[in-house]
Structure formats: structure tokens, C-alpha cells
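A, B, C and D are the chain letters, set down in written order, and residue numbers restart from 1 in every chain.
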Amino acid sequence: MRNDDWKKVSRLVSKKSLWMVHFCTGCGAMEMPPVMTSRYDMERFGIAPMATPRQADVLLITGYLSIKTLKRVVQVYEQMRDPKYVIGFGSCTINGGMYWDSYNTIKDLSKYIPVDLYIAGCMPRPEAIMDAFLKLMEMIEKGEAIGWKKYHKYYDQYKRNQRMAFSYRLDEVQDIKEDDAK
Amino acid sequence: MMAKELFPDAQEIRKGRIRIEVEPEKVGEIVKKLKDNGYDHFVMLSCIDWINDGQFELVYHMWSYEYREHVMISTRIPRDGGSMVTLRDLFPQIETYEREIHEMFGVDFIGNPRLGEFILEGWPHMPPMRKDFDTEKFVKDFYYKIPEVKEE
Amino acid sequence: MVDLIALGEQILLLAGMVTLGFAIGMFFNGFARKVTARIHNRIGPPIYQGYIDVFKLFAKKTNISHGWIFDLAALFSVAGITLAFLFLPVAGFTLLSTEGDIFLILYLLAIPALGFALGAGASGNPNAAVGIMRALILMLAYELPLVMVVVAMMIHYNTTSLATLVQMQSGMHWAIFVPVFFIGAIIVDMALQGMLMEKPFDIAIAPHEIASGPMVEFGGKHLGALMLYKMMAIVVETTLFVDLFLGGGVVLSVSQYGWIAYVVNFLVWFALITLVFFLALLINAVFPRFRIEQALKFYWKYDALAALLILIWVFAGVSI
Amino acid sequence: MILEAFGVMLLAVIVVLALDRYPRIAAAVAIIASLLPLFALTSWAGIMGISLPSFLAPLEFESSLVYNLGPGTLNLAITPLGWFFLLLLATSFPLALLFASSFVRNRAGGFYAGMLLTMLGSFGVLLARDALTFFLFWEIMSWSILAMVLRGGDRRAIVSYLSFGSLSAMLLLFGFMMLYFKTGTFLFGDMHLDTSLTTLVALSMIVAGLAVKGALMPLHVWAPHVYSRSEEPFVAFLSGGLSKLGYFGMLLFMYGIAGLSLLSSWGTFRDVSYFGYALAVIGAFTAFAGTVLAVMQDDLRKLLAYSSVGQLGYIAIGIGIGTPLALTGALFQALNHTFFKAVLFLAAGAVYYRTGKWKISELGGLGYRMPFTFLAALFAIFALAAIPITSGFAAKWLLYEAAIEKKFLFVTPIMLIAGVGAFLYAYKILYGVFLGEPRYDVKEAPISQLVAMWLLVLPLVIFLIFPGWVADLAAPILSEYGMQPIPHTPYVITTNLAAYNTLAVIFALMGALLVSLILYKWKPQEVVPHEDNYLAGEPPELYEYISMHAASNYYEPFEDVFGPVFRRGAERAWEIILAAAEFLGNGARRLYTGLTQDYSIYILLFFLILVGWWLLW
């Protein structure tokens, strides 16, 4: 079997077993219980909630992120093992949403960690979440969900943006090269 | 004894809601007196930025379960370099409110040992709850200026 | 030369049975989730979900380790549970069970548990340490009623070998049909609930409370190995129950029916372990969880007290 | 020959005392001197036609040595039982000294002198063939142990050891005297005991006196104090080697001198004598209570001490049951315990040597820093928890089989549950000391300490593969007691109930490990630093002030349940007895008023009672 074929099979099987860790900030966490319980039942697609990022494949950011929370999110994201995917919930992760003018919440999540998929809405309905997961599976199968590859490739850019955010200054960016880029 | 009897010049906004305006130096004394007279619940400490007057207003909220009465002790301190003596010896929980007000408004509470970083981590700018802090401008100058990740 | 061929056949048989055991274990994972989902009025994952999950975990691109002690967990858990499986009589096959006995199996079951605990402890995560503490106390809790009933049975049947026990129960003289050991079966089933760490005794791996406890730092292939261990543990523990009380699932004698007996016995064994596991799942699906000292008190008060009655019954030699 | 060896050892005692300022040389002298008796005995055995090292074949021990030492006679002989225990002591003792060579720094001469005297006493006990010689050497051993305890300088340890040691000596002496008046001889070979009550009382007294040394409950009180307040090499020998002498004595008196038929003549229950049954029940209780108490300790040495108490209880169970199977199991357990407990105490010593801490909650993460110490301790812990990848399992298995065979319905579950309890404290040692958060940046233990530990681990591996060899060693002992040795080959032990094949276990384990290793090495992995740990996303900067080592009060739910019942139970009971004795003594003291009138009244009362008695009868 050629390596490409093997990768294809691997993707085909792996998409049916997405384990997620949800980072419950904001109100998006409230939409998860109906998705998981008997009304919508996401487990029928092999999606299961996990307790720690070590075990998980998908990171759900379910709402706004303050800078302080962003630090934890980056920590959690880096603790996840490849291949890993990120889904951003609602307007807050896209452009800040109702926190568009807040001094302490980030406006665009994809500047700090690679986001594979956004779900629009404030908040998105459970149907939208289900749809997003199906879309993610499709992307995985086609090999389009490559956020984790992007994170490796543009690691210095992501780190730069994270440093800017953590220090609340645009100019105070240290030399990334010294950091052990993975 | 009820607050009205203790402080005859207190202003009764409506039933069960008393407001006392005092000098900053007298706040400790009054809070202690109220605490000894049945007002044993310290509700919170809040701060208002009167930017046109150049003053911060600190409001100490207290509640008595006995009289079912809410007392607000209001005091004003100067906006620039204003400071206040900590009351953490009377009510330990005041410490937390003082930390928050220190972080958000920059008021110095003399005697509070924990006035460090509280909610914000590494915030280098002006305390953000002050009225002269323009959040919209800050967001535009900072968050929107963070560059997108460029893909080659 | 003949000996060598026989040895080769034996090794092939063992390897085949172990593979089959793991396959059944993975099937049980999907089965458990499906049953639980149906009780919750959900559709649930496909029944082959266990295979997909294990495949995915072993297909992860990067894996992390916390050092060589951490790696021992994966090694010892899979190897230990395989060892325990090999020393059980399974579906009419004695495997290696004539070379050991029930005590060996009880202690072999401790190899994966201690190996797993070693790895979890080596990760340095406090959640893992707390989880292991609970798991060990739970082990102490459920072992008391279990060993009391087992000792009563062993003294009654005057053997400690499971292979002999299964043989003595052949011809449908199952222990569960003896009234005393029917009660014993209920007690051991309670203990089995703790052994399988199903609710109400899943405090050790409480995912919402201590972030899945011992498994908190395991991901990728390490977690895959642990999942294999847990899945195989289901097979081993239910088989232990079936061997003790349900005659190991042996209904037809091989000498009489030839190869048909093997097939039938295998199917009956499979049906019985599925049934035992199904009962555990039913309890699991509807219960909240006990705190650890509640679990300890439950086992040592009610379960052990009932087991004590059995011991006294056997002691007095009444009606058995 | 043996007396010459004793003489050389006495000489060595003086030499090491003189070499107090040169600890290394003193250690070397002591180690050489400690190897002498073993050589002497082996060569002596060679003269007697025993070709060594085939000591694993059944031995013939016949002749005895009689030494006239002026006023008295020393009767010494090498017996199969003595030989078995000699092997244990003589192998663990030089290694403890080797460990001490880098561990003991201050007043080293006194340490080695005390150790050598202890060893001399214990060897004499093992070789003694009459009660007086036994008692003489027993007391030499006991008093030199006291000297070592005094070095520790803990008042509680000294007082408890002194009181229980004198209780033990008293009981032994009374027992010997009663036997002497009954039989008219001190020689073990000539003692022909009858079934009278006096013999029973004498035997019970002797066994109780021996049980003090064997740390059986409720006579164990001294052990945790002494074990936790003396130097580790000594404790390793005390717990590993010397505590076995109590059980050696029990075997000698119960089966060698009294014999099974005599024990059974006082009544049997399911073919087990009441005497043995009582011992087995006490042993089971000791095993369980010792385990529970060990789980609750935070001091590493105390934990190991209570674990010793618990593990020694198993030997008492085996001796109590008294079938060939049980006695083999007891001997096997004695052998295992000698080695694994010595390793554990030495490992604790090595940890202390590097970190200076005894408390489990203050240690942590040493597994990566001291890997060889960790592996030795891990192996010993596997043996302690009777995991079937060490020889520890075979001993426990034999005992379980023996108990089931004799239908010990209530003792067996207690033994089994104590075995599970051992997992709890075993993991507490593992996690608290060697796993978890690395807190100390220390080096590996010195090479002498490592060598000592690993040589002690060796027997645990050998007897895992060849449990039959222990049965070989036990066979002459059993035949001396008129019992059949258990059926065995080097790898397989067979009982009426089942069989245990170590080769099957080992090969299956190898195969399974190989398969899981292949499965495991399939994918690459990277090792992350310890700080990269999932704590709900808290960044590593915070770890500086948050301790991630969850080892303090580790088994809190367990302690909540068992603590009220077990904590200080035995000590409290003894304190109540002590208080009662003190109260009675104080009352008796009031009688001595110093007034002549009072004394005359006592005399009068005494005569009145006499007269009254005479009138009534």
C-alpha cells in the first residue's frame, strides 16, 4: 500500500472518531448539552467529549476570549497532539461580536491559533453545530482541515501575534528565533 | 441602633436605603461604628469616576439583616494621586474589592499588601475603567493592528 | 519434531485467542456506548466505534511521553492483561489455565493496574495521583466480597484451579444453580461493577471532576494502549465471572461432539459474557456515582456481610 | 571451626572499635569478618560430605559440636532449619554492611561492633542445640540490638524495645525452666515432652516470647519505633534478618521439639491443632492490621515498619497451619521478606542519604533522578505486593493454597485482602518517593549502596524462576518433622488443588511484553518536560508556588474509614494495662507504711486467713 493510500484510509477512519475538548468560555457552552444529549445526539457520528486536551482531536472555542483566557487556550492547543482541529463558535471568535469594542477580548481568533472552521451566529443553534461537525468531517476526508500544519509552518507568526496580545503592545515583540520552534 | 439614629445628618433616599457622605478620613470610623451596631454585612465597595470634578467617588455598601437597611457611605478622593486607607482589618473581604479598584481605576489603598496584578495580566496602559481611557481607540489601534497570519 | 509442531500449534492457538479477545473487547466498547445511548433515548455511535477509536489513537501523528517510567504504563497494561487472559479458561479452551489458578489470576490482574498506576504517577499530574488513589481504594473495597465468595467456592469445590472448576461444572452443573452460590453470584456481580469501574463506582476516572483521573496525561498511542487494556479487562473480568458461576460457557463436551462443541461453546461463552456485561451496563446507565468512602462502605458493609453469610453457610456445611 | 569463626568475629569487634576514626577501614574489616562464618560453615558442611554449592539438593545434617567452656557447655550443631535461616542472614548481613560503608559516618566503629555482635548472637541462636545456649546467644543478640537502638537515641524506641525485650527474655526463660523441670534436660535432642498442661503453658510462653521478636500483634509495639529511629543498614538487617529468628524459634519449638502429634493432642479443628489455629488467626490479624496501619503512615520508615509487621504475619499463618505446604510457604515468605524488606529499607536509606528527608509527602520525583535505586525498590515492591513477576508471589500462593486446603474459611479472605492492602502502601511509596513532581535535583546513590541493593534483588529474580529450589531447601526440614516434601520440580509446584508453573508465566509475560513493545514502538514519540502537564490550561509560571505533588495525606478517604479503629489501638491497650499495673503497684506501696503496728496487723490477718482456711477445709 502506498503512503498516500494509507493516509487516505487513515483520514477516512479518523474522521469518524472526533474527540473534542470544549473550552467553555462565553455562552456557547450552553449549546453543547443539547447537541450531546438525546435531542441531537452527536455521539452517533462518533463524536465524544473528552476531559483533557491530551486525549482530544478537536478544540471548541465556545465564545469570547479575553487575553488571560487566550493564554490558557494556547497552552491547551499546544498540548493537543496532531492532527488537531479548532472550531470557533459564534461571532465572538470571528470579529469580537458584541465585545467588538472591549479593551480585553480578542477580535479574531485566527490571528492567534489556526481555526479550521467558524460557526456564525450569536449563538449558533445546535443544528449549526452539527452541520459544522459534518463539514469538518468532510474537510478531514478531503485533507482540507490543515490548521495544525499551518500552525507548524507559520509558528513564528502565530507566536508573534500571541506575544503582542499578551503584552498589549504592538512593538514589544521579542526574537522568535530563540524559541524552540516546533 | 439604626443608621439614622447614629448619624442624624444621613440622607434617606427611600425607605431602607441610607446615604452618608463623609470625608475620606472618617470612613473607617463610620464603618466600624456601623459594624458594631448591627450592620454586619459588607456588601461591596464601588468606585465612580467623576472626570469633570477630577474626583473618584468610593462607595462602601453595608447591609443590616436586623433592620433590613442598606447604608452607602460615600466619599470623594482626588483623581490624580488619590489614595485611601485600607479597611481590610474591619472586613477581610474588602481586600478583594480594593484590589479590583486599584487595578481598574488606579486608586492606591494604603496598607493593603496585595495590590498587584489581579484580573488583567501584564496590563501596561492606563487603568481601563477610567473615563479618559478610550476603549474604542485602543481596540482600533491595538487589536485591529495585529497582523493577519500571512500564508506564502 | 512432533513436540515442536504441537508447541507451534499451542502458540498459534494462544495468539489467536488473544487477538480474538482484543477484538471482542473493542466490540464491547461500541456495544457499551450503543446500549447506554439507547437507554438515554439516543441513537448512539455505530457498534464498531471501538475499532475506529483505537485505530485513530494509534494513527495520531505525534505522541508525547513523560519519560521512560511513563512508557511502562502502556507496556505493562497491555502485557499484563494479556497474561491474565491467557491464564483463564476461555470458552472451553483451557489455554494456560492449568498452569495457574484463581489466585494467580487475581494477582496477574494487578500487573496492568500497577503498571498503569506507575505511568500515571510518573506524569506528575496531581489529578492522576488522586485518580489512582481512588482506584486503589476501590480495589480494596470490591476485593473483600469477591475473595470471600471465591474462597467459599474454592473450599466447597476443593480446588483453586479455574480449569478444574469449569470441568466440575460441565454437564450444566453450574455453580449459579446452587442456591448459595446464586447469592454469591449476585455479590460477585456487584464486585464486578466495581472491577469494571462502571457507575456507580467510576469515581476513579470521573471525567468532570478530576479530568479522567489516571488517564489525564495519556494521549495518542499511550491512550490507545490503555484503551486496549480497558477493553480486554472487560473480557477478562466477565470471563472470570462466567468461569466461576456459569461453567465457563461449556455446554457440549468436546469428546462427544467434536468441533461443533468448540463452536457452540464459544458462542455460548460469548453470549454469556455479553449478558454479564449488559447487566453491568444497565446499572451503569441509570446511576450517579458514589464517593470513594461510600463505595468502600457499601462493599465492606452490605456486600461483605452477605458474603459472610455464604462463608458461614459453607462453614457449617449446610445444604450445599 | 565455628567457634574459631566466632572468635575471629569477637576479635573483629575489638578491631572495628579501635578503628572508630577510619569508617572505611572499619567497614572493610567488618565485611570480611562477616563473611567468615559463612565460609566456615560451608567448609564444615563440605567436611561432612555436603558438596556445596549444590545446597539445593536435600541435605543431611547429623553430627553436632559440643564445646566445653569452663563452667558450661555450648551445644552447637548445624541443622537444616538453622542452615536455611543462616543462608538468609549470612547473605543479607554483609550487604547491609556494604551499604553502611558509605551511609554510616559518625561513630562508625561502634556501629560495626554492634552489628557484628548482633550477627554473632543470631548465628549462635541458629546453631544452638540446647536451651541455655539458645538463651545465651538470644540475649547477646537482644542486648546488642539495644546498643544499636541507643545509637538512634530516641527515647520512645529505647523504652519500648527495653520493656518488650525484657518481656520476651522473661517469657523465654520461664518457658525453658518449665521444660527443664518437666524433662530434666536442656538439650533439644533429649526433650521428650508429654501432653500435660505444664508443657502447653511452657510452649505458649516460649512462642509468645519469640513472637515479640517476630513482631506479632499485639506484641509488635516496639517494632515501628525501633525500625523508624535507627540507622537504615541496621534496620534492613533487623527487619529483614533478625525478625526471622522469632519464626525460626517457633518452627524449632513447635515442630522440631514438640512435634505435630503433641500439638494435635491438645485438640484439633479440621486437622489443625488449636495451638496452630490460634497462631494462624493471630498471624492473619497481624497481616491485616499491619497493612492498614502501614497505609496510614507518612514517615517512610514507619510505613516500612508496619509493612514488616504485616508481612511477618504471613509467616505466622504458615507456621500455624503447619502442613508441609504451609511450612514451605512460611519459609519461602521468610526468604522473600528478608530480601525485599532489606532492599526497601536500604532504598529508603539511599533516598535519605541524598535528600535528607523521611516524610513521603516531602519527597517526590526521584525516579528519574535515581533510576537504579528506583528500579531496585520497584522490584522489591513488586515482591512485597506479590506481583507474579517476582518470587514474592510463590510464597503467598503456597500460603493461600495451604489455607484453602485446610479450609480456613475466615483466615484466607483476611490474608487475601491484606495482600490487596499491600498494593495501597506499595503505591504510596512509589508515588510519594519516586514518581510525581521532581523536587530534588540529586545524584544517584553511591555505588556501594547500589551494589548492596541490587545483590539483594538477585534472589528475588532467581527464586521467581526456580521456586522449586526453595522447596528443595525446605524438604530436609520437613522430613525432619516427619512430613512429606511438597511435590515440585524447579519450575512447577503442585498441590492437591492446583499447580503453579513459573515458566508458563515467564514465557507468556515475555511474549506479551514483546507484542506490546512492538505495538508501542510503532509510532515515534517525544519526551516533554515535566512542566508540560495538563492543569486546566494553567501556564507553567504558576507552578513555582503550586505544589503538584499530591502525596500528603494520600489515602485520606481510607483513613477516614479505618483510622478511628486502628490508629494507636495496640499502644493504647498496652497503656491501659500499664496504667492498671501502676495503679495496683501504687496501691501495694501504701501497704508499706513503715509502722510496726500495721505490720503486726498484717501478720495477724495472715494467720487469721490461714486459720480460717484450715477451719473451712
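Annotations
Here, contacts are C-beta pairs under 8 Å (C-beta built on N, C-alpha and C of every residue); 3 or more make two chains touch, one makes a residue touch a chain.
Just so it is clear, the model here is predicted, and its values are computed rather than measured.
Counting C-beta pairs in contact, the pair that comes out ahead of the other among C-D and A-D is C-D. Set against the Cα centre of chain D, the chain with the most distant centre is B. We define each chain's centre as the mean of its Cα atoms; on that basis chain A and chain D are separated by 59 Å.
Here the spacing of chain C and chain D, counted between their Cα centres, is 35 Å.
Per-chain CA centroids place chain B at a distance of 68 Å from chain D.
Residue positions of chain D touching 2 or more other chains, listed in rising order: 532, 534, 536.
Those residues of chain B in touch with two or more other chains do not exist in this structure. Chain A has residues 52-54, 71 in contact with two or more other chains. Chain pairs recorded as touching, per the definition above, are A-B, A-C, A-D, C-D. Those residues of chain A lying in contact with chain C across their complex are 10, 13-14, 16-17, 37-38, 41, 43-46, 48-57, 80-83. Those residues of chain C lying in contact with chain A across their complex are 33, 37, 40-46, 49, 52-53, 55-56, 59-64, 207-208, 211-212, 215-220, 223.
Contact residues of chain A toward chain D in the complex are 23, 52-54, 71-73, 75-76, 79.
Considering their complex, residues 11, 14, 58, 60, 62-67, 69, 71, 74-75, 78-80, 82-83, 86-87, 96, 98-101, 103-104, 106-108, 110-111, 113-114, 117-118, 121-127, 129-130, 132-134, 136-137, 139-140, 143-144, 147-148, 151-152, 154-155, 158-161, 164, 211, 216-217, 220-221, 225, 291-293, 296-297, 311, 314-315 of chain C touch chain D. Against chain C, the residues of chain D that register as touching in their complex are 365, 367-368, 374, 378, 382, 385-389, 393, 396-397, 400-401, 404, 407, 409-410, 412-413, 416-417, 419-421, 423-424, 426-427, 430-431, 435-438, 492, 496-501, 504-505, 508-509, 511-513, 515-517, 519-520, 522-528, 530, 532-536, 548-551, 554-555, 557-558, 560-561.
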